[in-house]
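After this come two complexes, each holding chain A, first together with chain B and then together with chain C.
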Partner chain A sequence: MAVEMAYSELAAPVDLNHPGHYVHWGVVQISVANLVVIGLMVLVFVAAVLLPFPKGRGRR
Partner chain B sequence: MSRRTRRAAEPDPAAFPTRPYDLLKEFTIALVAVAVLTAGLAALFSSPDEQPITLATWSAATPNDFTATAVTELGGTSTTAQYGPPYNHTPGAGQKIGPVGLQRAAGVRIPVDTAEDFVLRPLRQAPEPAEVSAALTAWTAAPADRQQAWTSAYSDALGKAPDGDPAKVEPGDYGPVPVLTSRLLALAQAGALDGQLLAQGRFYQTDYTRPMLFLNDGTYLADQARAQHLAGDQWGMMNETGNYPGQAWLWLYTFWYQIDPFKTSKNADALIWALMAVLSLAFVLVPFIPGVRSIPRWTKVYRLIWRQHYRGQR
Partner chain C sequence: MSDSASPSGNATRDAKRVGGWTGAARRYAVRTLPPEKLLPDTQPAYMASWIYVFGVLTVSSLIVAVATGCVLALEGPGWWHASSVGKYVNSLHLWSVELFMFFMVIHLWGKFFMAAWRGRRAMTWMTGAVCFLASVGTAFTGYLVQQNFDSQWISGQAKDGLNAVGIGAWFNVLDFGQMLMWHIVLLPLVLGLLTAWHVLLVRRRGIVPPIDALAPEPDEQSAATAVQP
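Let's turn to the complex of A and B:
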């Protein structure tokens, strides 16, 4: 009982241990989780290209 | 002479504008950001928590599949028994790239005799009921073709029995095979077989090759993998169990398995390995490949990154 309570307190707020969701498109089959990660990577790349460089002190 | 002239014509690097850049500051910020992200995401999502699949869980969940597989191990007709190198010397087995037999060239490095290693030795090592001792003696005394006839007949009978249930098999000449496989099933369900296949005479047992091969010869493991989208024809290499993101960077490696000629080739693993080796080499050599090395100049992404500098040049 005490062990169960300890486990529930340690459980992650978002539980992803459920059957995965997949997108099928012709021969392509990809999980929604992978799509989200790929989307985030593209977003970080675009931000890295487009965001201006921080203006540090002593910059010419 | 002309080389010297060209060198002299190169602009002086000191003539270009410069900007201050603190490498240590960037490293520290990146380290702290990644550490915070890792700890935060781990606390929020935790990690995949699948129960391990063992011979015990398999034999308890689908005993009929376990028995059918044990018969093929005993008769030498399982996938492992006919795999060829590195496990055994099956004639004609092993993947090739053109005329080059890679598996055969590497040789038999992990010898596996499925009948002896997966069935007979574990039965001998466990405390044997009298009928199992008699069955082992009968099996050992029989010539190879008789052993083959027994396992073949019992495999066929299991295939015809309702649900492959050994208890519903039609009577026939199966020799000691039903007794041996029935006892092996009992050992597996008790968890003893997992330990016996792991034991290699070392203090720490970390080599799961034999239990994994046995598991892989049945249909249970493959069914579990397929249900989690981990099979080769499901882009499984880049997937993870549950709703977790997997190895998205392996998309190209697993892509080849989805298309012809690879998806129908017996040599798919060897061919795709070779193809990816060639592509990886090409990637490393991008700066030396005419045309490909000019892509950054054509796409002009660098002008976007250094737009302030180029705006100032107008």
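Let's turn to the complex of A and C:
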């Protein structure tokens, strides 16, 4: 019992032991997990373009 | 009389031949990649942007993936599936690859919208693009050699696709030994060589300037030998 509880506390926030969720859009079919990763990449890309970079030395 | 036939011309030619093929290789390497370009003291001001960080993040993730892969190879699947330390190193290998692909895609987007093939950088762009394709193949064969039901299911699905394009008999995803060799020998070798070539080309040609920026003039160290366009 104690082992099971420890496992449940340490379990991943997303249950990977069941079929994933999918988004269907016409002929496009993509898992929610992959869609989240693509969304994160777009967010990080936009942030990298817009956020100022700390000033440093040794540049010309 | 041509210069090469004169005594001074012969002396110049003899000086160039000193050292045999090793000397010639050294002169070529120093001429192609002078130390001040290989390990520069300064970088252009336009590099002060987060978008220029993703190349080195990609290489850093690759180093972690290769290092953890070497540990997995030393210990074997009985270790990475059963022991807690093995599972941890296995997870490090997976997540370093996840980050590697994540950073590489952002690096690709950044360089695409910067038209990074400008200024004689076509080979830098092409080696990067082929690196991306080799990485997809390396990640795919990695999923096939996990030795669990997940890899069994992926290879079962993939064989139909590969048979449909006619290469399933040669690249057999159900052949564990073949996929393991592709994953830990052939593709890492190709990816490692291409990455090294890509990074050396970045050093040789310099990082690409933003579209509306001018590349800096050669600094004082290289100005004496720089060829003016």
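Operating definition for what follows: the second predicted complex is superposed on the first by the 42 of 60 C-alpha atoms of A that agree within 3 Å, B and C clash if a C-alpha of one lies under 4 Å from a C-alpha of the other, contacts with A are read in each partner's own complex, and residues count from 1 in each chain.
Assume a contact is a pair of C-beta atoms (placed from the backbone, for glycine too) under 8 Å apart; a residue touches a chain by one contact, two chains touch by 3 or more.
All of these numbers come straight from a predicted model, not from anything done at the bench.
Q: I'd like to know which partner A:44 touches here: chain B for first, chain C for second, both or neither.
A: A:44 contacts chain C only, not chain B.
Q: According to the stated criteria, A:33 is in contact with first (chain B), second (chain C), both, or neither; which is it?
A: The first partner, chain B, only.
Q: Among the partners chain B and chain C, which is in contact with a greater number of residues of chain A?
A: Of the two chains, more chain A residues are contacted by B.
Q: In the superposed arrangement, which partner chain does A:17 touch: chain B (first), chain C (second), both, or neither?
A: The answer is first: A:17 touches chain B but not chain C.
Q: Based on the A-chain superposition described above, do chain B and chain C contact any of the same residues on chain A, and if so which?
A: Of chain A, residues 37, 49, 53, 56, 58-60 contact chain B in one complex and chain C in the other.
Q: Over in the complex, which chain A residues touch chain B? Could you list them?
A: 11-22, 27-34, 36-38, 49-50, 52-53, 56, 58-60
Q: Which stretch or stretches of chain A touch chain C in the complex?
A: Touch list, chain A to chain C: 37, 40-41, 44-45, 47-49, 51, 53, 55-56, 58-60.
Q: So in the complex, the part of chain B that touches chain A is made up of which residues?
A: Chain B residues touching chain A: 17-20, 22, 43-46, 48-50, 227-229, 234-235, 238-246, 248, 258-259, 301, 304-305, 308.
Q: Which of the residues in chain C end up touching chain A in this complex?
A: For chain C paired with chain A, touching residues are 41-45, 47-51, 53-54, 102, 105-106, 109-110, 216, 219.
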